Structure formats: structure tokens, C-alpha cells
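Next up, some structures in C-alpha cells.
Here chain A shows up in two complexes: once beside chain B, once beside chain C.
Up next is the complex of A and B:
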């Protein structure tokens, strides 16, 4: 390997990249756009969910229950005149949750002594939006359970001491839940850490895939191959400048995530940038392989897209790998992106140290060496 | 009259030519053939919000029969792996940090005594770095605990496919309509057509038009006695055909494989697909007027399609998104199409129930047409 030759190739690549305003725009705007988009998109604290309420009882107790449901802004409550109207609204998608308070609700509350039947209400969810219904269920349940003892107290003799557990015939353990690392359970940090994986897997592969094919179409790739430059020099001449550009992208994203979204890495930023830079090399090598094995730009792009769509879904960027069937989990774990996203979340959110990330780092290392070696073979074969 | 006839015959001629090209385009055909199956597998097996195999740990300071029973009943929900045993807060926290556990259940020493006094409490430490899972898992554990029988030990068999019903001071009778087991599969498969058609329409048209410009055949066509709008329409016709084939695939195959047939009217499904396909194709055409090379067209379509899957609410309910982002998503035809599809397939809607989304898509299409007319001039060179 000749250092001067390599430097010439690197300079050539940098000039070629920056001469094309479209590529430069993409390189800057896609990371920022993705970051802002995905950073804002996920709000786990469901707010203003449409809830339809039919109050058949029209009593103090039922009004109190409705007020409790409306209290913390999770639900926007609309009153409906009958339970059929609730059903229709649910079907048309106007509401996500329907609560039906029967006419005898208040009587039931007053009779709520130990042993008596508890007051009954009906809650209907729009299961069509499965994830939403699952979350709404937890909210409704906790709100209703929280308001229930109060309803009972109001009806009962106020002087009697109330012992909730004993009252209910020995049911229930209170749970004090506390989220560590992200006490507010905010969606933004989770998505920001994942977006690095998304951008670095997708954009890098696509850009390299297109770049080599374009050179091949223009004929400059063959000119390169007849120069004294060796295949490893050509490879590095492609990888290093693009790698540097993406390392800059990583730094840019870290800063923007910090300034705009207020998400700074909990762990070592240096470690994060280091791992990211290495991961960029892996994706670039993958892009090189795609492009070197394709005849036209369209083919290279199609390979990349076909590969990248499952990559986005399988890597755990949006859906936890844990939730997938076992066979799919094996597949997911074969993708470098899965491990990179795991690492980036570990560093970004939990300030994890090197020790526990070793298996993932090792996998990435092996992947990188293998892919770069293979990319070199492919380029050599073409020479 | 004769002008109209020329128009139709011109469009038909271009459509014929375009269909012939598509028939010989191996790369495109393989994409059209492979992608539906890939997306089907992904939508039915990969995408899932339902917690499964959750790693968790128990820090049991009470060591009583009661605490062991509580751990068992949490385990019995079917969402969790076997619990790991922790001995101290520090090790529990470390376990969370390493990601080896998502939840740590801390049972205080005084649990049995508290239960006697009627105020039993346990603590739950959740890994907040994955907030969606944390919120949901926390909810499950709370429900198990709140319906936990302190004295009578009646083992309740819980079906992991059914959400836990709670029994508290108020008897809440809850039902999940349209999808009783809250299966994610139905949610995602109902939007499968939307995902497939977005990919097809965007990449097909934008690549096709830019490709012709690159190879110079667009200029040849401009030299023909044909207006540009006829060229564009002619190029779109075959895609409308393929779109309907893909839509049928997205409806019939989930029906055959998983028994998920549309509950609503098929007619409505066909009708709402039309404005969606038109609007998506129009986006492709618009992209083609904005870019120079096919590589650029691909970049723009890819980076438009992927976020639009998320923004439109195909991947996760748009109700989760904060206001502002939600409204941005409303500009996408896919948002309205997935609403319409889910309404028809899951909730048994018909043409009347989906009139709103359909109108919205027609409106988007109209705006796009205006934009295209403004951008597209017969350009040479």
C-alpha cells in the first residue's frame, strides 16, 4: 500500500462527493430530518385520546368517575346519549375507548359493603388499533381503580376506618412503579438512539451503492483499475472519505439531538462516536458489495432497498427484537444493525460500560473484518 | 369528440408501450414479485408490540410463600422469561443497566406483615430506555398485583393471548372490539396493501419517468403528436393495474393464510384504493419533475416512503404522536388509506364509513395534479 497513492484517491473521492450538490444536501438533511422526525414521533404518554362516555346513572358517583377519567388529560371525553351511540362511534373510529356506566351504578356503589356485588361498568376498546388499545387499557384501569375506593368512601360511613385490602376480601397488592434511566418514560431518547442506527445503516449503504455504479457507468471505475493503485487502495480510497463524512454526520446528530431535542448521551460520547465510526465502515463495505455486484445503478439501488426494508423492521429500531418469533430473532441477530442499535441505546440511555457490550462489539468487529475482506475480493475480481 | 378520441387512443398507446417495457424489466418484476411476500412475512411475524420473553428479575427480601406466589402469578401471564434472582438493589440496577432485565420486582421484607395490616406494597423498577415496552409491562404487572388474591390461593390459568382482566373494587367488564385478542397481526396486515402500493407507485413512476429522460426516449416521445399529460397518464395506467393486483394479494393472502378476511365491503375497498393509487402515483410523477437522475429519484422516494410508513400510522397508531407531527402525517395519502383500510377490514366499514378518508385522498390528488401541471413543462435538454 502506498500512502501517497491512497491520499490521491481519497482527495479525488472527496472532490467528487462535494462537487455534487444533491449528495451534499442528502448527507446533511437526511440525518437531521430523520432525527427530528423520529425524535418527536413517539409519545408514550398517550394524551387526548378520544373517549366516549354514556352515563346511564346520572348520579353523583358516576359524575365523579367521569371527572376522574378526564382529570389528567389522557382522555378527551365526549358524552353519548346511549350505549348504541357509543358502539357506532367506536365503529366509525370517532372514539378509541367507550365507557358505559349502567343505570344502577350508583345503587351498586352505595351497596358496596364487603360481600356485596361491586358496582359494574363496561369499557369497550377499539381493538383495531391494537397497540393503542393495549395502552389505553392500562390507563383506564388504573384511573378507575384509583377512583373506586374514593367512591366507596363517599357512600360509606365516613367515621369507619377504611382498610382497602381487607375491605376487598383480601385482594390486591399495590405496585409502586419507578422507571430508571428515563423516569418520565419519554419516547424521544429511545427514538434518537435508534435513529443513529437507521441513518447509518441506510444512508451509507445507499450512497456507496450508487457512487460505484455511477463510476462504472461513466467509465471512471475502469480507469481507476488500470492505474497502479491496488484493490485495497481503491477500496480504502472509497471507504475512508465517506467514513469521515459520516463520522461528521454522527457528531452533527449528537449535537442536534442535544441542542434541539435535549437528549445527550448518558454514557461516553467518545465511545459512541468510535463505535459509530466503525459501524459506518461496515455499512459502507456492504454498499460497496452491492454496487460491485450490480450492473446498473437501478439494480444496486433495488438490492439495497430490498435489503434495507427488513433491516429497518428487524433491527429493533421500532419493534423490540424480543417480541419476534425465535427464528426471526436469529435472523435479526445476524444483522449488524441489530447489534449497533443495541449498543447505541446502551450507551445513549443507560450509560453502559464496555464490559457488558462485549458480545455485541465482538460481533460487529467480526462482521466488519469479514465484509471489508469480501468487498476487497469483489473489487479485485472485477479488475 | 374527435379530440377526446385522440386523447384516449394516445393514452392507450403509451400505456401499451409502458406495459411492454414493464413486462421485460426483470429487476422491476422481481421487486413486484418478492416484495409482497417479504412485507407479508414482516407484517405477520416480525412487527409486534406485544411484549414477549421479557427478561426480568426478582429482588425478594421477604422470602415468604406470599412473595413466591406473587412471582408465580406474574410469571403466569406468559409475557415473561424465568425470573432471575437478585440479592441487592445494586445488582438489580446493574442488571437493568446491562439490559439483562427489563423489569425488577422488589418485594420488601415486610410484605407478609403489610398484607396482614391490609397495605401490601411492592416496588417495580422498569428500564425506561424502552418506554413503550416499559409502560406496557408495568401495566401488566400492576394489574396482576392489584387482582392478586392474598388469602385464597386459586390458581388462575391465564391465556397470554388475552389481556388480563382485572378485578378490583369496581367490576370492569372490558371488551376489545374488532380484534378481541389485541393481535398485532391484524393491525399490521390490514395496512399491508398501503405499504405495498406506496413502494410500487412511488418507485415505479419516478424511476420510469426519469429513466426515459436519461435514456433520451422522453424527448423522442415529446416529438410525437402527443401532449405531455397524455404521456404521463399513459405511463400511469399499467401501474394502476398492477396496484389492484397487489391490493388483491394483500387482501386474499392474509385471508388464506391467517383467516383475516375483510369484515366490511369489498366494493368500498376497491373504491378507496383508486384515489390512493392516483395520489401515490402523482407523488412519483412530482418527484420525477424535481430531480435530474434516477439515483436522485431513488433517494427521494426511499426517504419519503420509509418515514411515511411511520408518520401515516401504519407502523404505530398515529394517536401516539404528539400534535404537530400528527398533522404533518395527515398530508400523506397513506394516512387516509390506512384509516380506510382498517375501518373496512377490521371494523366492517363500507363506502359511507370511509367517505371521509376517500375524499381526503381525492383532495390530496387534486393538489398534487395542480403542482405537477405547474412543474411539468415539455423540456428539451
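Up next is the complex of A and C:
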């Protein structure tokens, strides 16, 4: 390997990458977009949910409760004249959640001394929108629990709350977020850690998929092959600069996740960026293999898109691998992304060290060596 | 050194059932311009790509500049320059940046590169385009730039695959001037083209048809074998005619008389005959001499026809 030749190749790749506005846009916007989409919009708050309210009690306590519900941006509140009207509105889809405060609410509150029955209100959801309902339930639940003590000394035991089923909420404090695409019922940090796996797998292969095939079509790849540049130099000439760009992307995502989503890695950020950078190389090598084995750019992109389907379905990014049938679990564990996402979550959520993630790291290491070796063979191949 | 710089024997390339190149024997002399002609899809590019080690032959041997290209394709890379059908400049990079990139791969940097590039830039008329991005260059300029890039490292052997495709007549002529200059400087040029008339710029012509060589000779020899030869018309007055005839006395075949003067048909133009013609022109200042050479296109039409009559595969 000749360093000057390698530097020549690396420099050209950097020039090409940064002079293409589309590539630069993708490299910056996709990581941020995915992070916000998966981490923010899908994983957490449901905002401006239409909530219908029937206040049958018309007491100071019930008005206070209504005001608390309205104070949170989560709900847009509409008043309804009867509980039947609430039912109709739910049926027609005008509202997503209905809250019925019964006529005896105030009495109940007053009577809710230790040993007495707690005050009751009714919360209605559209069962067809189970996930949405889950979210709304969690919110109404937590809100009501938070406001219960404020209703005076009447509701001291928030655990036996005003809301049916609220026992699940626990503590009456904090938000139990249920993401639409997050059946693991885990929150933003879980999604953020997984999003790294998704972005680094998908975007790297997508960016590299066209790189060699385009050079082939332009004739520059053939030209490279008749220069003294070796196949390992050509390969590294692609891997190193793009690896650096994606390492920057990882850092960018860590910062955005921290500043915007308030999710910082629990474990070592350095370890995380290091493992991520290595994973990027694996993924880039895979993209280069797609590219070098394709006759057209379209074919290479199709391969990338096909590859991204198991990436989303099997990697554990959205659906927990442990819930899959055994055979599918085997398949899932063949994907490097599955192991990277496991590591990513281990560092991000549980601050685990190298020891516990050794099997996954080992798998990634072997994959990386194998894929980079194979990519070199493919680049070198003479028809 | 008199050993041929390229020697290929029994060179064959099959893609599945299709035989793209069929048992080709090639021999290219050092310092010559070797034209490799043929229609589109006749196997020209496949052959050139095997010669430079981009493609592994199904059978046969190749030796380029003393290197067994099939076994050691990388060994020959410092000696050869290659310009493919698509001139391989990187889009988005200026001409200058492309030059620096390829020079860097050949280990050419600093002052050495400056000197080499300055010389090439002058000779190839590229000075005005240095800062332009490669995609903005016109076809003719791009072609010259491609050649400049391919010759940066002073290769002993240049492989040019259809270098003049898509280039206008003026730029094609300019391009061939440069190629001839390279050859005069001792560089061997192996060039494919489907412009048959370009064979005249070359020292040797190999004509490939459906993977097989059907002609392999200097252009003059092909002309004499596959055409009615040169036609020389001499317009001359009755008074001057005897003087001209005297000069051309002994020429074979003998000149015919025409309404305006004389006509000679010759399979080849020998220097000796041209000398006589020059003398005759001096002695008969009123004479107007026109030499018509058979078009290469016609020559190849005849080559093809003669092959078709023997080839069981039938006419192309």
C-alpha cells in the first residue's frame, strides 16, 4: 500500500462528496430527520389530541380538573353537553379521547378520606386506535394523578386513582410514553439508540451503493484499475473518507439527540462513537459490494432498498428480536445491524462496558473483516 | 529492441455461448501506430481490455512490454497509458484537479508534475480549460484532455479505445496529429476506431470482424490488394504531353491517353514513381496532376466481401 496514492484517492472522494449538494444534504438531513422522526414524533408526546369533556359535576373540583387537562398542550379540549354526546363524537372520529366527570364527582372527592372510595371519572377511547388510545390513556392518567393532590386533601392516594386502570401508571408522577411503533413500550432513549443503527446501516449503503457503479458507468473505475492503484487502496480510498463523514454524523446525532430530545448516552460516548465508526466501515463495505456487483445505479439502489427491509423488520430496531420465532431470530442475528443496535442500546440505556457486549462486538469484528475482504475481492475481480 | 512490444497468441474471450474474440494473433512493433479496426461489437474493446489486464482471456497468451499480462496484470501499469471509450475525467472536478489526481496515482507531484503538465498543456492546447469542470468541456477538448491525462506518466505504450468517437472532423485531425507526434517520440500507440479512413494515419492495420482478424497488414498493402489502386490523372496539353510521357517511360502499366491528357493506375505509390512525377511536373509547367487514392472504406468493403465469400458464417 502506497500512502501517497491512498491520500490522492481519499482527497478526490472528499472533493466529490462535498461538491455534490444532494449528497451533503442527505448526509446531514437524513440522520437528523430520522432521529427526530423516530425519537421525537413517534416515540413520545401526542400533541393536540382532540379531547371531549362532559362535566356533569360543575363543581369547583371538576372545573379545576378540566383546567389542568387544558393547561397541557397535549389536548385540545371541547366541551360536550352529555356523556352520550361524547360517545357520538368518539364514534364519528371528532375526538380521540372522551372524559366524563360524573355529577357526584365533587361529593366523591370530599368523601375520599382514608378508607373511603376514591373519586371516579370515566375516560373513553376509540378502541380501534389502540396505540393512540394507549398514549392518551397514559397522559390522562398521569395528568389526573398530578392534579389529584391539588384538589385538596381529598385524593391522597393517587395510586388508587380517579382513572380506571390507572394503577398501571405507578406513582402518579412522570410520563409513561407509548410510542406508536414501539411495541416494547420503551421510550425515547430506546428509539434514539436504535435510530443510530437504522441510519448508519441504511444511509451508508445508500451513499456507497451508487459510488462504484457510477464510476464504472463514467469509465473512471476502469481508468483507476489501469493505474498503479491497488484494490485495497481503491477500497480504503472510499471507506476512509466516507467513514469519517459518518463518524461526524454519529457525533452530530449524539449532540442533536442530547440537545433536542434530552437523551445523552448513559455509558461512554467515546466507546459509542468508536464502535459506531467501526460499524460504519462494515456497512460501507456492504454498500460497496452492492455497488461493485451491480450493472446500473438503479440495480445497486434496488439492492440497498431490499436490504433495508430486513434491516427494519429484523434488526430489533422497531420490533424486539426476542419476540420473533426462533428461525427468524437466527436470521435476525445474522444481520450486523442487530448486533450493533444491541450494543448501541447497551451503551446508551444501560451504560454497559465492553465486557458484557463482547459476543456482539466479536460478531461485528468478524463481519467487518469478512465484508472488507470480500469487497476487496469484488473490486479487484477481472471479468 | 526489435521484439514486438505487444504479442498475443490465440487470444480468445467467450461470454457464455458468445465468442467475442476468437483465437486472435497480434503483434505490434515498438514505436508504431497500430490501428485496430472493426464495426461496433466486433470485439475491439474486449481485445484492448484483455491486453491491458482489465479482462481475463478465456484462452491465449499476452505479453506486453515483456510482461505476462494474464498472470501479472499490475506489472505493466506503469508502462501503459489507457484512454477508454468514455474519457474518464471525474465530474465535479476541474481539469487541473483531474490532472493532479491521476498524476498522484502515478507518483507524479510537485515540480516534476508542473513541468510535465505545462508541456502537455501547451502541446494539447488545454491552457484555457484548466479551471473548467470536466463536464463542461466540449467533446474535442475532453478527448485531448483525456489523452493528456493518459500520457502524464510518459507511458511507453498508449492504448486508445475509440478516441475519436463523437469528435468533430477538425478535432479528430488535431487529435491524430498529437498521436503521430507521440509515435515519433517513440511511443507505441494501439488505437481502435470505427472510422476506417483513420487507418491512413497508422503504420499497421488489423481489421477485426465478429471476433476474428480478417486483415492484418500495413494500410498500403491492403490498398494494393483490395482496390483498383491509385488513379493519377495528368491534364496536359498536346505539346507538353511527350515530355511527360518520356518521364514516365517504363512505368508499369503504361499510361493511357484520355481526352484531357494521361491517366496512370498503380496499386502502390512508390517513391520512385513520385520522383518521376515531380520531374515531369517541372518540365511541363502547364500540367495539372491529380492523385486519387482509393478510400479505405472501399478497401474494407472489398476485404469484407472477400472474407464473406470464404466464411461459412456468411456475410456480416
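Methods note: the second predicted complex is superposed on the first by the 235 of 383 C-alpha atoms of A that agree within 3 Å, B and C clash if a C-alpha of one lies under 4 Å from a C-alpha of the other, contacts with A are read in each partner's own complex, and residues count from 1 in each chain.
In this section, a residue touches a chain if its C-beta (ideal position, glycine included) is under 8 Å from a C-beta of that chain, and two chains touch if they have at least 3 such contacts.
It should be emphasised that the depicted structure is a prediction, and the values quoted were computed from it without experimental measurement.
Undergrad: Considering only touches as defined above, state whether A:30 meets chain B (first), chain C (second), both or neither.
TA: Only chain B is touched by A:30; chain C is not.
Undergrad: Touching A:68, do we find chain B (first), chain C (second), both, or neither?
TA: Neither chain B nor chain C is touched by A:68.
Undergrad: Please work out whether A:350 is in contact with chain B alone, chain C alone, both, or neither, and reply first, second, both or neither.
TA: Only chain B; A:350 stays clear of chain C.
Undergrad: Chain A residues in contact: does chain B have more, or chain C?
TA: It is B that touches the greater number of chain A residues.
Undergrad: Regarding the shared-chain residue A:324, is it in contact with chain B (first), chain C (second), both, or neither?
TA: The answer is first: A:324 touches chain B but not chain C.
Undergrad: Considering only touches as defined above, state whether A:310 meets chain B (first), chain C (second), both or neither.
TA: First partner only, chain B.
Undergrad: Between chain B (first) and chain C (second), which, if any, makes contact with A:125: first, second, both or neither?
TA: In the superposed model, A:125 contacts chain B only, not chain C.
Undergrad: Is A:104 in contact with chain B, with chain C, with both, or with neither (first, second, both, neither)?
TA: Neither: A:104 stays clear of chain B and chain C.
Undergrad: Provide the residue numbers of chain A that touch chain B in the complex, in ascending order.
TA: The contact residues of chain A facing chain B are 22, 26, 30, 33-34, 37-38, 40-44, 46-49, 90-93, 96, 112, 117-135, 137-138, 140-142, 144-145, 148-149, 151-152, 163-168, 170-187, 189-190, 193, 202, 206, 210, 214, 296-299, 301-302, 305-306, 308-310, 312-314, 318-320, 322-325, 328, 342, 345-346, 349-352, 356.
Undergrad: Using the touch rule from the top, collect the residues of chain B that touch chain A in their complex.
TA: Per the touch definition, chain B meets chain A at residues 27, 31, 34-35, 38-39, 42, 45-55, 70, 93, 96-100, 111, 115, 117-136, 138-143, 145-152, 163, 166-184, 186-187, 190, 203, 207, 211, 291-292, 294-296, 298-299, 302-303, 306-307, 310-311, 315-317, 319-325, 339, 342-343, 346-349, 353.
Undergrad: Using the touch definition up top, name the residues of chain A that touch chain C in the complex.
TA: It is residues 2, 4-5, 7-9, 11-12, 15-16, 19-20, 217-220, 222-230, 382-383 of chain A that touch chain C.
Undergrad: What part of chain C is in contact with chain A in the complex they form?
TA: Per the touch definition, chain C meets chain A at residues 49, 52-56, 73-74, 77-78, 80, 82, 84-93, 97, 101-102, 104-107, 109.
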